[in-house]
Structure formats: structure tokens, C-alpha cells
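Below is one structure; the comments refer to it alone.
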Amino acid sequence: MRSHTRHLTFETRERREFVRITDDVQQAVDESGVAEGMVLVSAMHITAGVWVNDDEPGLLEDTLEWLDKLAPPSWKEPANDVARELSPDPGDFRHHRGGEDNGDAHWKNLLVHHQVVLPITEGRLDLGPWQAVFYAEFDGRRAKRLVIKVLGE
Amino acid sequence: MRSHTRHLTFETRERREFVRITDDVQQAVDESGVAEGMVLVSAMHITAGVWVNDDEPGLLEDTLEWLDKLAPPSWKEPANDVARELSPDPGDFRHHRGGEDNGDAHWKNLLVHHQVVLPITEGRLDLGPWQAVFYAEFDGRRAKRLVIKVLGE
Amino acid sequence: MRSHTRHLTFETRERREFVRITDDVQQAVDESGVAEGMVLVSAMHITAGVWVNDDEPGLLEDTLEWLDKLAPPSWKEPANDVARELSPDPGDFRHHRGGEDNGDAHWKNLLVHHQVVLPITEGRLDLGPWQAVFYAEFDGRRAKRLVIKVLGE
């Protein structure tokens, strides 16, 4: 059995950003020498996620707009009435009593999920033709880490 | 260490459909000879998911109705005012500028998640009594693939 | 290759409850003797989930309130108009025709996801400083199980 670990660090320019990391994950697989196995790609923060989807800018913009309705920030005005009603009932997140302002990023982490596991077949990520791997940052502009763990033979 | 890979192809009759695949996953485990390990079950498309839940038709119908409110299609009328407000602000998905009409299926993929990892104990899927594995199709009527990757000993 | 399995049982006092299990997962890793690998933490029920996030009571309360809007129970009044519109159109869950009242817990299971896979590096869960592992109970007050499966070397 072989295993291999790689940590990536992101410091996005925007507060929220999708960063394509498919090639970084494949590179970790290459380094591992694993031909058949799995690779775990996992954000090490509670305000970020990992999403496997289409590398199409329109869709990514649609998705961030939508996540801001489902999991509304309190650091800007709610996008509409639905976002207002989905906001915390006390008017702001209880979580913000400690001085934070990123409660929405925790909720986006829940919806997107913080990790994925990808199959490795014959040394390659066994993905469909449109599947790209994204690190999904929801509270960026500071150094944040992600771990890639390869397991197989 | 043993590993085993199996690809399934689905071509659903309906645009959206839950397809029970528990037995297919168990069969892949049987083929692998793995007694202790994990099995990854992963849609290879960005408009489908995998859900482990109850094989109860009422619940599956409830869930599709609900997903159409949370992640509203633009190829039919929004189900109600909430669905309308959760729809993209420009009136349609930016993603549809390229001629697609399946933006909602990408969002359902995000909510449902495209993959699960299941435990294998003594050669069997170590599931609870009501846990069934479903391939969740959100943009079907064409051939789509899923990969099953077994790892263990 | 080494593997190790541990089952936990929960019987929460409240119907809904987040139970921190980071130490239980680390203990299973310790028992396994695995230094490099992965550990799967998976609810064996279709009305529970596993979430990796912040052990901060305000956030957990925010999150339960929010999940009750996105995935509204029918055993109590909808929290507001959005929760009312996200409730099943027939007035109650089709799923409840069999006598159940926990349809919302199935939906919360979908949003939260029933399992996570965590990396193990040098014998420790390779988590970020604020990542805690929670069993998320959405229909408790009865014995429910979770499986921990460690795989690695």
C-alpha cells in the first residue's frame, strides 16, 4: 500500500472565490505512484469547501449568487426577501457575538461540503469529461490550507 | 491490498429519476474480494448525484419537489415565490448563455453531492437497515456514467 | 494494510442535537495502529448526518434554526413564510402517509450529508485547528448507530 500527503495553501484576492485545483490533485497522485486507489481532497477550514463541477464562469457566478440567498451573509444587505427570511432570527448570527462576521461561510461550507474523495484508475483521476475540482473559498484574503491524501497501490 | 473498479451507465427515461443501486455496489464489492475496506460511489457527471436514504417512493417524490424549490429549473415555471426568488437574478442562468438549460441540475448536484464512500465489513456494505444507495439523475435521457471503486483487503 | 471498525451508539435527549465525536474518531484511529490513511465516519441512519465544523454553541444554534427553515418540519409550525413555501405542497410529507413524522430529518440528512472521510497523517486526524467532528442527530431520543472505518498502513 502506498500513501502520500500534500498540503496546499490559498490566499485568495477576493473574499469568495472558486479556485480550480484539478491539476494539483493529479500532481499529488503522480507523486504518490498510486495506480489504483482513492484521493481525499479536504479543506482544513470551516469556512471553505471543495466542489467538483463545471469550469464555466457563468455557472460559478450563478452559484455564488444563489449561495448568497440560501446562506445569506450579514456583512451585506440580504439579496432579497428569501435571503432576509433565511438569515438568523436574532437579526445577526449568534456566532458573531464573538466578533466574527463569517457565519454565512460556515453555512456555505455545510451546503458545499468540505471534502471529496476521487477515484484513481491507472494512475489518473477517474473523472468525467466535465468534472473539474474546485477549492471553494467563502472567507478568504488570508492563508488557508487544504490537504490531499492519496491511498492505494 | 485489493482494488476493483466498475463503471455503470444509466440512461433514464425521465429527466429526473432516483435509481436504486445498492445491489450493484454490493456486487462490485463481491467481485473485488475485499472483506474490510471502503467503496467509493461517484457520479461522473456534474448534473447528477449519489444519495443514501430511504427507498420509499413518497419520500423520493417529496425530495424532488423540494429540490425544485431550492434549486429551481428555468425550463419550467418556478414552483412558487420562494423558487422564483432563488432563481438566478438575470432572469435565467448565466450558464445558459451557451445554449444549456440544465443549470438547476448543477445546483442539485451541489446539494445532493456527487459521491459517497461506504464502509465494507466482513465483505458486506456496512449500512443501516434503511440505508439504500441511489443514483440521483437530474438531467437524464442520455447515457451517463458512474464509477464504483473498491479499496481494502 | 490495516483496517479497523468501530460502531458508536447515540441516544440523544433532544430530538435534534449536535454531538462532538472528534475524540471518539481519534480513539478509533489509535486502536487501528494506522499512521497514514483515511477514516470514514458515517451515520447508519437516514435521519442523521456528520458535519465537520466549529465547536461554537452560537453557530450550532444558528445552524439548527436555519436548517429548520430550509428543511422544515411538519411536526411544528413553519418558522416563517419561506419555511412554509419550502414545506411539501400536499400540506404534509407524502412520506408521512405511513405514520412517520420525520420527513424533515431526511432532508436535513441530504443537506448535511451522512458521512465524511478524514485524513490520517502520522497517526493523527489531519484536521485544521477549528475543525471538530459532529454527529448531527435530527430525529433522536432512540438508539442510533454510526460506523467508523479506518484504512491505511
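Here the chain labels run A, B and C in written order, and each chain numbers its own residues starting at 1.
Here, a contact is a pair of C-beta atoms (placed from the backbone, for glycine too) under 8 Å apart; a residue touches a chain by one contact, two chains touch by 3 or more.
Bear in mind the structure is a predicted one, so any value in this text is a computation, not a measurement.
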item	value
Contact graph of the chains (line, ring, star, complete, other)	complete
Magnitude of the superposing rotation for chain A and chain C (Cα, nearest 5°)	120
Rounded Å distance between chain A and chain B, as computed from the means of their C-alpha atoms	19
Touching two or more other chains - residue numbers and ranges from chain A	1, 38, 70, 82, 111, 113, 117, 151
Touch list for chain B against partner chain A, complex	1, 3, 5, 38, 40, 42-46, 70-71, 82, 85-86, 88-89, 93-98, 103, 106-107, 109-111, 113-115, 117, 145, 147, 149, 151
Touching residues on chain C, where the partner in the complex is chain A	1, 36-38, 51-54, 56-59, 61-63, 65-66, 69-70, 79-83, 111-113, 116-121, 126-128, 130-131, 151-153
